[in-house]
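First chain A sits with chain B, and in the next complex the same chain sits with chain C.
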Partner chain A sequence: MLRSWLARRLLLGVAQTAAVVLLVFVLTEALPGDAAVALAGDQPDPARIAAIRTEMGLDRPAAERLADWVLGLLHGDLGTSLASGRPVAAYLADGFGPTLLLAAITVTLLVPAGVGLGVLAARREGSLADRLVSSTTLAVYAVPEFALGVLLITLFALRLGWLPPTAVGSGGDLLAQPAVLVLPVLVLLSRPVCSISRLVRAGMIDALRSPYARQAARYGLSAARVRYAHALPNALAPAAQQLARTVDWLLCGVIVVEALFVIPGLGTVLMNAVAERDVPVVQGLAVVFGLVAVVLNLGADLVARRLAPRAGVAA
Partner chain B sequence: MSAAADVVAEVEDLRVEVGGRAVVDGVSLRVRAGTVTALVGASGSGKTTTGLALLGAYPPGARVSGTVTVTDHLVGHVPQHPAAVLNPARRAGALLADIARTQVRHLPRRERVRAAETRINEALSRAQLTGSSELLRRYPHQLSGGQQQRVVLAQALLLGARVVVADEPTTGQDALTKRRIVAELVSVVRQGIGVLLLSHDLDVVRELADEVVILKDGRVVESGPVEQMTTGARHAWTRQLFGAGEGGGSVPGERADADSDTTPEVRDDADDGPGTEPAPEVKGDIDTEAAPEVKGDIGTEAAPDVEGNTVLEVRHLTARHRGGGTRRTVDVLRDASLRVRPGERVAIVGRSGSGKTTLGRCLAGLHRTYDGEVHLDGVPLPRSLRDRTPRQLAAVQYVFQDAQSSFDEHRTLLAQVARTAVRLRGATPADAAREAEALLAEVGLRDQHFHNRPGRLSGGELQRAALARALLAHPRVLVCDEITSGLDTVTRRTILAVLDRLLRDQPDLALVWITHDLDTAARADRILVLDAGDVVEQGPTVHVLTAPGHPFTAALVEASEERREAIREPRTASRA
Partner chain C sequence: MRKSDGSVVRRPGLLRKPDGTMVRRPGLAGLLIAGVPLLLALLGPLLAGEPGPRTASFTLGGGHWLGTDFVGRDVGRQILLGGQSVVLVALAATALAYAVAVPLGLAAALTHRTWLEELLMRPLDVLLAVPSLLLILLVAAVFSPGAAGLALLVALVNIPDAARIVRAAASEAAARPAVEALRMQGETWWRTAVGYVGRSALRTFAADAGVRLTGVLYLVATAAFLGVGVEPDAADWAVMVDRNRTGLFVQPWAVVVPALLIVALSMGGNLVVDAVLGGQGRGAGAGVSDAPDATDAPDATDASEVPLKPAAPDLPAVTDATYTPEMADASNMAVAADVLDTKEGSR
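On to the complex of A and B.
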């Protein structure tokens, strides 16, 4: 049962990724201008643009180019950049490092902070701690990342001078200067901590009220044991789904934060590629993002099945 | 059982007020070590509130006065639905392991694991749970109701509770299971534990209780030794409860509760005294009507042995559940074969955990991990609902035991019932609504209910609506899974009557009737008996019930008959 479910999910995931790639291709085709226009520079000479186009093979029909690219993909070849001629894989490898680092740090802090705040608030519904956590998380959640980022830069980098405002000058090696990571991680953490802690809080309140948690408490288990070993597993299923969505966003979609703090991650690569109409790079990113999303959601569903085993019973 | 035995729990002048209304008013009772005190009353009489008071649990916002004293403060609780106190996200043994852990702390670290294991195993065997280490690794939903109950009992025993509160432990159980539960409680009592039994099942009360406390509307009507209640009750209400013996079954007020058709006024009438006593007549009726002999004749003549005329056929079906680990599976049904002819009524009988529901779920496409085949009109049915065509879905309809949770609480009854015809038969919404209205009226629902949400209807009414919903698909086979268990006698009779009428109107509709109750199974043409996943017997009803060919069937028939005997001649407890 589990295996057939996994197989179905994986097939679906592959289909979804293919659909995303196709959609991205169609959309970039629909954009005005192409890589030749972008390369021709400020004084576009139609003859020069046409020459570049022929040289790059952009004058071939779109379907043919897509087919070529898909064939290459099946051999593990993501193609080469139109703008620089470097392999797309090299772009991805360069951008993936900083993005992965940011995501890893954020998730490492996010899980204990989110779950911890949620459990703290749920210990006693309506207590001072609960009201503080609930109102703060709601307020922070309402602030968009770019606004919070600008606010933090203004305060901590420009006014107080405690932290560098951006990662400019770190040369891609972010770990050499950990101080540049503090503000971006704070911005990345802000909203996910709120959503996860609120989900955990709601789940914990339900679970602590349940007959099985009461029975455990009545039978002499310590409050901490009841809270963490008996109530928490039931509260985590929705949070696990939300966490997968957050990790997905961290790996694929933090363009705003990367741009704000000038971090050379995947988001920056994507922005540049779109600006240069560098279709192969954009498509390569789409494949990576699609696969990440599929794998993460599959993982989250597996975790949720473990946390709520009853849900898997119905055929 | 000396009266001087230790009092392990005592309630004195307990008053619990919720929202200005006294749910429990001046209740006093005692539980002595090694005895059973039964708290008897209709639902809403304050039994459960009193029982929970021993556990120190009160309804939210309750004002409590009076005293509750419990020796060692260790009280076990076996609720009516044991699944509720088993954590759905943890394996069944999780709480047992945690309780044991707190008990072995004083030991050196190396010995703890083994000591805890020994304690758990001892508690499990005291709770008569066998094959247990594998069971504890399953999730609660993978255990049968009986197993869940015994795991919860084992928790109390492991805890070392001196008092166990057992809330309606036998309600909705088959005869054999009832006997098993009674035996379990007897063995608990033998271990010197005091039991507070909350029940409206008077057979069980007679059999088990030493002391009886009768509650009505939160007040103690009468209390004393069980002999005094059965022979020389002073209060009219008690005499009515235990009246003459032939009443037997359940508390009169109880049946009025489950069906809102019977309004509270009717209940009050019944309360007035023996003059308006409805109980014996009603109960007597049921017994004769459902006796196997009566229905048996019909069974033989209605079972044509025509080959090839089969609507649904099950071939060598072996169904599995996922076991403890991801890869291990447990067979819950082995090599079952079954043939259902048009218009035939087949009863699938067995105790809880015997695999009868799984068989039904396989037919309906709700359980898909099985080997073997299910054929509809000679064509194999896809295992999963998802892969079945609307025609196939319509052909096999399933009615669930818990009607309440089979309805969406946010949409009106009519909309949900009518939707079947739209989805499965492609009827237009207007036609579907007309048809649904007619059918709902036919099953006896008043049209004021049609536009209500399901929450406003009683369990019996919802079950009738669920029948209408299934029939609107124009099914070839109707699978009814314990649809009358858990309902009171009057409601059950109404549903059976409705079903009889519907089946008469549709002579080609076949019925698969899943039940633990031989009385209702006797209405079928053929019976298939399941025991622990094996088909132990299959044949015409009259044969199975009068000349059972398998020891298990014989035991089932005997248990059911004994229960009926027991009702006829009241007896006093003959126990330790």
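On to the complex of A and C.
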């Protein structure tokens, strides 16, 4: 049962990987107005477009180009930029550090903050803490990062002057000035923390009402033991599943937050490439982002499965 | 709203406590919070009037009660004009997503052919892993989608998830004895699918549509902020936040006011949706993820009617953790076997 589930889930992961690669290729190459038209710029001169097409090999059949590109990917060759001629891998290396730092800090804080808030709210349903946490997380959950971020910049950087408004001037070395990171991480955390804490709260309340929790209490186990040793693991399963969904948000969030706070990470590289219509760079970054999403989704599913092998215990 | 409060997402077994007052208050607050930007978005263009002459950029005062923006236009007028696109694109995208997802999900839920269901639903599973904003940016790299293109893209991104929820809700209704009766009576597919199954699952669709709308609003605004699907100097709240950021130190109003309006719109919208779904009672509920919705969905339709075969009622719509194809297949095959049995019996 478990093994067949695992096999199916892994197979799905492989299919998703293939789909990401195919989708990236199809969307960027098969749409009307290919890279050559995009590159020719505001004065689309047919001769120039034809020249670019030949130079890029766009006049070859699509299947052939796809095969070439996939073969390159398998060898770790992501292609070369149209705008600068540098390999795409170099772009990746440029932006990798800041993004990884941002993501690592966010994920490290995300789980304790989300679970902590959820448990705090679920301890006494309807208490002041519960109402405060519940209404705040519900309200903040759907707010786009850029709007929240700009308001936080206005308040904390402009009005109060506590924190720097952007990462400009940090020279890419974010760790040297930790203050630069406070607002981006806060903004990046806003949505996932809300969703996870709400799921943990709901799961905890459900679990604490369940027959097994009552039975454990009847056996004389302490309230804390029932709460943390018995109810919490069951409450974490839906949250772990939500963690997979959060991956999507974090990837979106990273792009927005880097644009907003001028952090020279992968999101900025991607947005610059989109603006310059540098298709190979966009393709390479999209494949990397997509693969990260597929792998993290897989990981979150495995964790959720481990936490609740028999789903629906708490529900 | 009150009526649906009590009946939408409640299971008899899990009724909590008489927390009705708690449910309604955030809803009312949400209505008030979302009302201001919504009214501005819908009525603003009517009140905006003719454009005045352009003046220096990022000035305060001088006849402009909110100052001027990065090209010297009146910020107040831009704000009156700027809500419409966000709201309309979000509504269009949600409607479009459902226009595709409902037939797809219904067809998958009602078919007895496993291969057909797999064919319809598997590709969507695969698509679920692709980050939504990434897909939109990818298209934006090659050609510039207009507002209609953005709506289409956002709809496309939402189809996989919506179709899964439709299927999960519909397959519960499709497993009821009534459907078999309709089938044996020789009713058309249309009457069974739309007249019975679709109608039974309508509440779930509505609940999911509400949740989806807030997600779509987020995506539309974020895409506009990143410059996708909008002109660089468009009168759009998200574009205003982006373009006027350079003058934040001199003229904060051009950024803060549209940002506040977007925050109010998404915050209030979420509070309203949650209150309508009776979210507080379910805890995490509706506003947070689609997963609890989908699990609630079968119960939401009609608690009194016990389904003949629980057609994967605990099928979560979002993740694959507990969604095993065996579950769907098994339930479908069970239903199919039942139908065959009854057919043979009647002979």
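Throughout what follows, the second predicted complex is superposed on the first by the 256 of 315 C-alpha atoms of A that agree within 3 Å, B and C clash if a C-alpha of one lies under 4 Å from a C-alpha of the other, contacts with A are read in each partner's own complex, and residues count from 1 in each chain.
By definition in this document, a contact is a pair of C-beta atoms (placed from the backbone, for glycine too) under 8 Å apart; a residue touches a chain by one contact, two chains touch by 3 or more.
The structure presented is a predicted model; accordingly, all values stated were derived computationally and were not measured.
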Putting chain B and chain C on the same copy of chain A, do they fit or clash?
-> clash
After lining up the shared chain so the two structures overlap, which partner does A:Leu151 touch, if you call chain B first and chain C second: first, second, both or neither?
-> second
Look at A:Asn297 in the shared chain and tell me whether it touches chain B only, chain C only, both, or neither; answer first, second, both or neither.
-> second
Of chain C and chain B, partner touching more chain A residues | C
Using the touch definition from the top, say if A:Leu188 reaches chain B (first), chain C (second), both or neither.
-> neither
Does chain B (first) or chain C (second) touch A:Arg225, or do both, or does neither?
-> first
Who does A:Val133 touch here: chain B (first), chain C (second), both, or neither?
-> neither
For A:Asn234, select first, second, both or neither according to whether it touches chain B, chain C, the two together, or no partner.
-> first
Clash with chain C (superposed arrangement) - responsible stretch of chain B out of 3-11, 93-101 or 471-479 = 471-479
Touching both chain B and chain C, residues of chain A | 237, 308, 315
Touching chain B in the complex, chain A uses residues 1-2, 210-216, 218-221, 225, 229-230, 233-234, 237, 307-310, 313-315
Complex contact set, residues of chain C against chain A = 14, 17, 19, 22, 26, 122-123, 125-135, 137-143, 214-215, 217-218, 221-222, 225-227, 238, 241-242, 245, 248-249, 252, 255-256, 259-260, 262-263, 266-267, 269-271, 274, 279-280, 282-285, 287-289, 291-292, 295, 314, 316, 318-322, 324-326
Which residues of chain A touch chain C in their complex?
-> 4-5, 8-9, 12, 15-16, 19-20, 23-24, 27-28, 31-35, 38, 126, 131, 134-135, 138-148, 150-151, 153-154, 158, 165, 194-195, 198-199, 201-203, 205-206, 237-238, 240-242, 244-245, 247-248, 251-252, 255-256, 259-260, 270-271, 273-275, 277-279, 282, 286, 289-290, 293-294, 297, 300-301, 304-305, 308, 311-312, 315
The chain B residues in contact with chain A across the complex are 55-57, 74-75, 77, 79, 84-90, 94-95, 98-99, 102, 139, 141, 155, 159, 322, 326, 365-369, 383-386
